[in-house]
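What follows is a set of structures for review.
The two complexes that follow have subunit A in common; it is paired with subunit B in the first and with subunit C in the second.
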Partner chain A sequence: MRLLTHNMLSSNIKGVINGFPLLIQAERVVEKQVDFNPDFLKNMFSKIDWKALADASKTMGYDELPDEVPDPSVLDSQEFLQKFHHALLELHLEEGALVCPETGRRFPVNKGIPNMLLHEDEV
Partner chain B sequence: MEGTATIEGDEGERRPWKQMDDRRRRHLSHESTSLFCSLALLLSIRFAAAKGFARQRQPTTENHVPSNFTNFPQKMASRIAQIRLVSSHPQVYEPCDDSFALVDALLADRKKLLDHRPTICMEVGSGSGYVITSLALILQEIKTAYYFATDINLHAVRVTHETLEAHGVHAELLTTNIAAGLEKRLAGLVDVMVVNPPYVPTPEEEVGGDGIAAAWAGGENGRSVIDKILPIADNLLSEKGWLYMLFLAANDPLQICLQMREKGYAAKIIVQRATEEESLHVIKFWRDSDIRMEGNEAVTIAKNRGWEFLLSQLSRLSFRR
Partner chain C sequence: MKLKQLESLLGNLQQFDNPKIELEQYPTGAHIASRMLYTAENSFGDVSNKVVADFGCGCGTLGLAATLLDAEHVIGLDVDDESLEIASINAEDLEVEMGLIQCEIKNLRWQGQIVDTVVMNPPFGTRKKGADMEFLSTALKVASQAVYSLHKTTTREHIKRAALRDYGASSAELRYDLPKQYKFHKKKDVDIAVDLWRFVPKPKHESSS
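What follows is the complex of A and B.
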């Protein structure tokens, strides 16, 4: 699971109001090289919740993103785009879990695939 | 009775035939059980022919290979998933006529899809991964596209992963019910969505679960899961979003189109394929601002745009059943 995906996921257990962002429990993180594409990054920038991405990348061991939402003018900086690219697409959570911020319910991640299936009493 | 014989055959073996026939048997038992035996042989021939066709088709004609791709291995250049590279598992639906019909629809729309320049694409119920892999290959020259695929069956998601990898493409995968977990943050962002849902009419109790039965069991009129997917698709699709979805005549696609029309979607049949055992349609939906207008004016415009034609096509198909 890439952090872009993490950025799009929330806990949807019945009754949960604020299920975003899911906390990451990282047991195994892998880095996979992905083609660098500035247009894609510029396109995604406005759709990303910055704080969730910055926090998640820290949990995954990458400390290079600013905590505060950067001004969109940073999108002209190649250096910024490279870091954004790395955090968003190249860090994969291979083993671990995503944890609902409200209930503490763990959604396991195995072989890079989060399991978001709910039990009957959670729907 | 080749098909029937294999059903009773070695359970340990990989059994694409069994899956096919199970599904068909269910399907047929709700329509014309007596025809099953005589049809089984015919069907298996058809299936073989369909698979052969899909296999043959790949290396042929006008392979649009972007020039910067020529130094990639051959598998990167093919336009749709290759059957021999599609992974499998006894609990996972193998590519069938319906999968081929859906991919054929995507191929038929290939140029439009490339011009559409989707950013986020998604498949619900990816099964073997044949469809999402094909979509990623068809759109491979669009470097800014990002893919999600979900399935309720844990094995299916793993198999999808293997199929994608074997073709050198990537999609982000989730084990989930339809798009649960994505509905909040991904709302309004999906530019292309593809779905081959469980569409076979079955007793309601058979719907869902996390095994192979979830691949086909569609409840009353095969509509149980379809009717859950449609509002979720409506929520996830972007303003310019397209939905390609496969239906059986028994699902009453005409009624589905009318229902989607009320939500402001235009519809078009991209592929229709009537075999002896099922009549399949792949229908494309997109938001149309004219349709959203109330009153006669909208109806007139819609008629001019071929809505009436679509209706007549669909009613003929429904009538045939």
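What follows is the complex of A and C.
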């Protein structure tokens, strides 16, 4: 699971109010190279939650992103875009879990696939 | 990529081993899937460089077609882990990246407005009444640009009314890129005529849904 996917998901348990971002428990992280697409990254920059991405990438062992939302002028820097690209699209959570920040409920991730199915009493 | 080439790549994908009838697991054929995504890309620019979600992705045909047409990020969502396993093998065989999530479509909670386009061949609601409508209303919340979906021709009026009146579509357009009365082979002798729709969601304000 890429961190871009992580950035789109919130804890879906009934009653949970602040379910985003899901915390990451990383047991195995893999890197898969993909083509660099600066226009896509610039577009994503305005859509994603920066803090969630920066924290998640740190948890996955990649500590190159600024903690706070950078000024959009950084988008002119090739070096910044490369790091953003790597964190957003090349890091994959292969084994581990996503954890609801409010209740601590674990959603397991196996072979890169998060299981977001709820139990009956959570719907 | 040419339509013919797309269709032939999709034609080699592995399909459901043990289709679960209650989940309406029948494959989305290479013919229909390739035309659906080809239209989305070539007539509307809704695929390349976009974020695309495949709802009820099954073995992944529609989402994988999106990756082949250069979508930047594709995710496939299905409730069934066996199908997701097959989708993941199909992605590996094609050497493309498709993210997969196991979930119940109506129960996932989305953050932000990152998904541009939703493509889907939802359950028609023949086993669980209203399943098609559940998929459609969720898709219109999640997509910011367009939703492409297959529905039974017999539900045409109902679909249009619900999309425009209840689910916040600003347009609901039938596409005739499929041969008239495309037949869906459900069982040996039962065919279902389906429509290909393109819905445009109304612009949304930044919020989770």
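The rule is simple: the second predicted complex is superposed on the first by the 123 of 123 C-alpha atoms of A that agree within 3 Å, B and C clash if a C-alpha of one lies under 4 Å from a C-alpha of the other, contacts with A are read in each partner's own complex, and residues count from 1 in each chain.
Keep in mind that, in the parts below, a residue touches a chain if its C-beta (ideal position, glycine included) is under 8 Å from a C-beta of that chain, and two chains touch if they have at least 3 such contacts.
Note that the structure is predicted; figures quoted are calculated from it, not measured.
Trainee: Have a look at where A:119 lands relative to subunit B and subunit C in the superposition and call it first, second, both or neither.
Mentor: neither
Trainee: Could you say whether A:40 touches subunit B, subunit C, both of them, or neither, answering first, second, both or neither?
Mentor: Touch status of A:40: both partners.
Trainee: For A:2, is the partner it touches subunit B (first), subunit C (second), both, or none of the two (neither)?
Mentor: both
Trainee: Touching subunit B in one complex and subunit C in the other: list those residues of subunit A.
Mentor: 1-2, 4-5, 7-12, 19-20, 34, 37, 39-40, 44, 47, 49, 111-118
Trainee: Could you list, by residue number, the parts of subunit A that touch subunit C in their complex?
Mentor: Per the stated touch rule, the residues are 1-2, 4-5, 7-12, 19-21, 32, 34, 37, 39-40, 44, 47-49, 89, 111-118, 123.
Trainee: Along subunit B, where are the residues that touch subunit A in the complex?
Mentor: 119, 143-144, 146, 148, 152, 154, 157-158, 161, 170, 172-177, 180-186, 189, 210
Trainee: Please give the residue numbers of subunit A that touch subunit B in the complex, ascending.
Mentor: Per the stated touch rule, the residues are 1-2, 4-5, 7-12, 19-20, 34-35, 37, 39-40, 43-44, 47, 49, 107, 111-118.
Trainee: Flag every residue of subunit C that touches subunit A in the complex, lowest number first.
Mentor: 49, 51, 72-73, 75, 79, 81, 84, 88, 97, 99-104, 107-115, 208
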